[in-house]
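Please go over the structures that come below.
Same chain, two partners: chain A is paired with chain B first, then with chain C.
On to the complex of A and B.
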């Protein structure tokens, strides 16, 4: 305990924390890349089909020379370890392969679409993190009150509704029946601000609503759990003001576990947002994934998986850093453990 | 210690689940008797002869929904069973044995809890072809990490309890302690996770089907939504083809979520035990 006040001790603890985290995220990224390499090669069926997509495969089986040249490019006739080295080399050169359904290099398509996915998911997610956390904190404190019970039930309902279906119903009501918003599509550079915003209103609202419900449910559960801890009883008996009590003793202690749980479940909400893109014909990663499935464009499908997984891992790393900065108990636990 | 009387959440959850079960039973028992054959007119709105209208092929939507209940619910239950079994065994071994086994399993759990499951499931299902059992397998094999983490936390607690220390003291084998004493004591956690995972599996299956990865000859609720999206029911304003399946999915998953969260409260599983070791 006292060691933590010694700056030298602290610095060495910090270093060991960052090394461990670095190892963790390095392994994660490596696993994702390895999965990406292994999946098409280990699946039942011809790996050539999965590596090139249905269209090229169809053409290639009638043309032995094409097979030869493609196999040479991916090193398919070499041992598996050499194949992995070739694959890593291509990856680091930014060569993700070629999408035949688009007739373009995959890296180009991905680079175009990742920003659109971020545009659609980031602002509503940040908004719902703040509002959801505040709402959950409120609901978890004196949870027996009638209005809080009612709101909590409503949140459960919102959480059970698939967000892409919510999106479809929103399009039906606001675009088709009331004609207020465009039916789909993302804002593009040539659009006026008003048109651009009108494209974003529905997707933003759907994602924000779903995420906020979800975040509030997590935060409510955490608050309920923390409210039973001994330091809460002490704080109450000290007669602290309501605001001081709520912020310092309920909110701050729940923040770090909240961040780490929210990060774990981020993959789930992010996947939901990807499906929302399909409903809105919003050409981001989820929409691309859907098209790749429809066209049996396996290389493109793989690349979208890799990118989404990497985005989620990055978000996790950020949440980890944030909880480390916020909560001194993490530093104690992380460093004092085992 | 644990009340027998079901809480409000559990009751509501059970009520919703029984509604779905009634749907499943009806779809078997009355089958083609009260359901309507394919009508001639596509996208006809709800009427006397087709209570929920027809889809683009002129199929009765109500019939599709009833039949879809079998697929969605069975994939949900079997998928959840597989994932809960895997998660329980990994969590119990990891939490009880500790040491390097715990490190390895914890590392594995930690990896798969972060990698987003749905996109990985989409890729795997696309490779394996989306048959019923493949979808069950993919969901079952990728949805265990949360369960493993919760079971591990509980098993870890149990390990330091006096009765387990006593067992270790009289030289009982580790396997014996895990299966005879640890597993029965984590059953509450496991039950809650099983019920919650059913709702997740139903939502995941619906997501996979929505993106087009399902067996079209055996359509689930998600498949109906997929066809409504790809065949233009939305633009036609044919709300009766896509609103009811969404309500069915939401209602079913709400039922299992309420029951599962009720069980979590009953067995006092707080969200904090979700936090990892790392």
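On to the complex of A and C.
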């Protein structure tokens, strides 16, 4: 371990860490791309069904010429391996393909849906990360106090409530009974700012409450663990202010696992919140993915799943790097492997 | 410690204040209020729907196709209240069921001012046959369609095919001058893609807020509609749509080929302004379909035994909340004018058991379950749609009834794509629960033949030569009296063979707000969005 003080040695270890991480993430990304290609095709169900409608499908599949021409049109007649190579080639060229069910380039559909999704998920996720972390930190230190126990129980209740149900109850109370917000739909360019924001209030609140409860519960757990460490007693005895003590000795040591959680949460903001989107009739990425699954729209499925996975992987990679940079324990652990 | 509290409290207070500031004025700006203000100037009708449009190209998008047929396009033929296909834009004659002469019976214009001619009719038939997979089936026997003059089109088929008129009812007339230069209609995005000759002009689609607008066509051949503007508001759940109805954001709800689930009725009836149109359903709400090509479901006695095991009144009460009736053995609902009365289905568990025992399905090892005649374990699988809760509930009730007579039963769930692939293509199933639509009832040879005949969709996988011969004769027969006789024969076959057991005949329940709208007319094919509504509707 003494070698870690040598700059040349440190640089070599850093390079080794980056190479290891790169290989790991590259393998992960390739596996994801392969699974996203293979899994929709392993699902039972004919992607041509939704080109016909259920009443016409039965007659259509008994017309081999028609089926052949449509299969050729959508590239479904080629061997699976060829389809995979074409898909990889297109992906590396940045061509996400053409949706069976929308009849439009997928890049266009994603460009339309991602801003709506981020509008719904990003602000509450950011808020919930900050408030959840603060609350969890507070609840995890001296957890035996009555009010902290009560808040922790409330958080468990909030986290246990399905977001879809929470969304429906929110619509019932705030839209139907009190007539404060619209029942559904996302903001659109023609709307005034007030109307646009009014569409966002309920989805924002539901996602923020649910995520904040989750983050706070995790953060409380992390804090409870750290509070048992011997250095906490030393830190307490230094007579630091309460805020400084919490930030320096409770929050910073738990930053690495918190960053991992934050990375996953932020990564999934791109994939939307399916059930909340359905409850609020919000045409985001989650709803689009769900429709693609139902309609066996392979290209759209591949593209949306791959994009979501890549963003989550990227966010995790960044979190890994940040943890490595800020937490000496991680540097020691990672480099100790060599 | 105190500072942390202060920080958290300040955060909560700020969020709450922003929330109240933003929420409070919303009540003054909500869609309902805006609609009412607009109504001073124009008569605007807002209708909620769970049929979500993905792209506003009616060749590509299924629901856009439905809405375009209701608003911006006109069909060649329509379906009357008794389920018969009758002329709308064209009338037809044929002497041999192979050569058909279509005559434009109205003088009308496209929304861009050009006149509708027989060329448009001939073009639409041939263009859709070539470019739209759906019509490749509807018009599969069409060899040619050509305009003889400005008002007459001659269509030649490759064989006698009386179901050609069903294709006419499905066909929305398209303008030749726009589409003739479009090679790929499913991806066409030109601004003129929604030019039609229907009672409304397309007003645009906002996918984010889920609203589509239609403006009245003052030059429509039946005169201007009674409403100036229709806004369709799309919801992804029925719960949200019905809350919008209660709130008054929408005046009526719409779901193609069905009404609302009866379980919602009691809650809606609490609102004095919500009224229901309740009509018999021309489709069979749910049937238990046997795979008639697989043992033992290919045995008529086995199927009849099952028909005596079921508690039909429970399906009426628990699944349809009483808005249904117990069917007869003839399968065809009694609202059809060719319906022939047959004995009502009824439970007789001991008789069901006797039939099963007589064909060798006995409990030989005393474990409470019947075995195959050769002594091996018997297990009946019921395929049910996982995306339709009513289908799953019904499967549970049927399972309960079958287990009471000693049939071990397993429910297999599948989403819509898997379900249709299994039942229509791979045929790897024992039995299935599913509903039929009005449209499906009239397709092929009519009388639900689409769902039975294994040469078509054939959920029941019926390969019986007698059944096939009746279907073939209906397709070739132009004489309506003879068609009636053949439909009666079909009902005899349904009752004698029980290829499928109708579980209940339900009702279409269509709610609307009587304080916001009246004069809605229920169309057999398009529900309250049928053409007649636009000439009787009153926006209040």
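Rule of thumb we're sticking to: the second predicted complex is superposed on the first by the 254 of 338 C-alpha atoms of A that agree within 3 Å, B and C clash if a C-alpha of one lies under 4 Å from a C-alpha of the other, contacts with A are read in each partner's own complex, and residues count from 1 in each chain.
In the analysis below, a residue touches a chain if its C-beta (ideal position, glycine included) is under 8 Å from a C-beta of that chain, and two chains touch if they have at least 3 such contacts.
Note that this is a predicted model, so its numbers are computed, not measured.
**Q** Quick one: is A:279 in contact with chain B, with chain C, with both, or with neither? Answer first, second, both or neither.
**A** Both partners, chain B and chain C.
**Q** Have a look at where A:321 lands relative to chain B and chain C in the superposition and call it first, second, both or neither.
**A** Neither chain B nor chain C is touched by A:321.
**Q** Of the partners chain B and chain C, which touch A:54 in the superposed model: first, second, both, neither?
**A** A:54 sits against chain C, while chain B stays out of touch.
**Q** Which holds for A:44: it touches chain B only (first), chain C only (second), both, or neither?
**A** Both partners, chain B and chain C.
**Q** Output check: A:131 vs chain B and chain C. Expected answer is one of first, second, both, neither. What do you get?
**A** So A:131 only meets chain C here.
**Q** For A:261, is the partner it touches chain B (first), chain C (second), both, or none of the two (neither)?
**A** In the superposed model, A:261 contacts chain B only, not chain C.
**Q** Now for A:176: first (chain B), second (chain C), both, or neither, which partner does it touch?
**A** The answer is both, since A:176 touches chain B and chain C.
**Q** Could you say whether A:27 touches chain B, chain C, both of them, or neither, answering first, second, both or neither?
**A** first
**Q** Is A:302 contacted by the first partner chain B, the second partner chain C, both or neither?
**A** Touch status of A:302: first partner only.
**Q** Per the definitions at the top, what is the overlap between the chain A residues touching chain B and those touching chain C?
**A** Correct list for chain A: 43-45, 50, 168, 171-172, 176, 183, 278-279, 294, 296.
**Q** What does chain A use to touch chain B in their complex?
**A** 20, 24, 27-28, 31-32, 35, 39-40, 43-45, 50, 156-157, 159-162, 164-165, 168-169, 171-172, 176-177, 183, 218, 221-222, 224-225, 257, 260-261, 263-264, 267-268, 270-272, 274-275, 278-279, 289-290, 293-294, 296, 298, 301-302, 304-305, 308-309, 312-313, 316, 337
**Q** Mind listing the chain C positions that touch chain A in their complex?
**A** Contacts found on chain C: 1, 3-4, 7-8, 11, 15, 19, 22-27, 29-31, 52, 54-55, 57, 60-62, 133-134, 136-138, 140, 186-187, 206-211, 233-237, 239-240, 243-244, 246-247, 249, 387, 414-418, 420-422, 424-425, 437, 439-440, 443-444, 450, 455-458.
**Q** Using the touch definition up top, name the residues of chain A that touch chain C in the complex.
**A** 43-47, 49-63, 66, 70, 101-104, 112, 116, 127, 131, 134-135, 138, 168, 171-172, 174-176, 179-192, 194-195, 197-199, 201, 205, 242-243, 246, 277-281, 283, 287, 291, 294-296
**Q** Looking at the complex, which residues from chain B come into contact with chain A?
**A** Within the complex, chain B touches chain A at residues 107, 110-111, 113-120, 122-124, 126-128, 146, 199, 203, 206-207, 210-213, 225, 228-229, 234-235, 237, 239, 242-243, 246, 249-251, 253-254, 257-258, 261, 270-272, 274-278.
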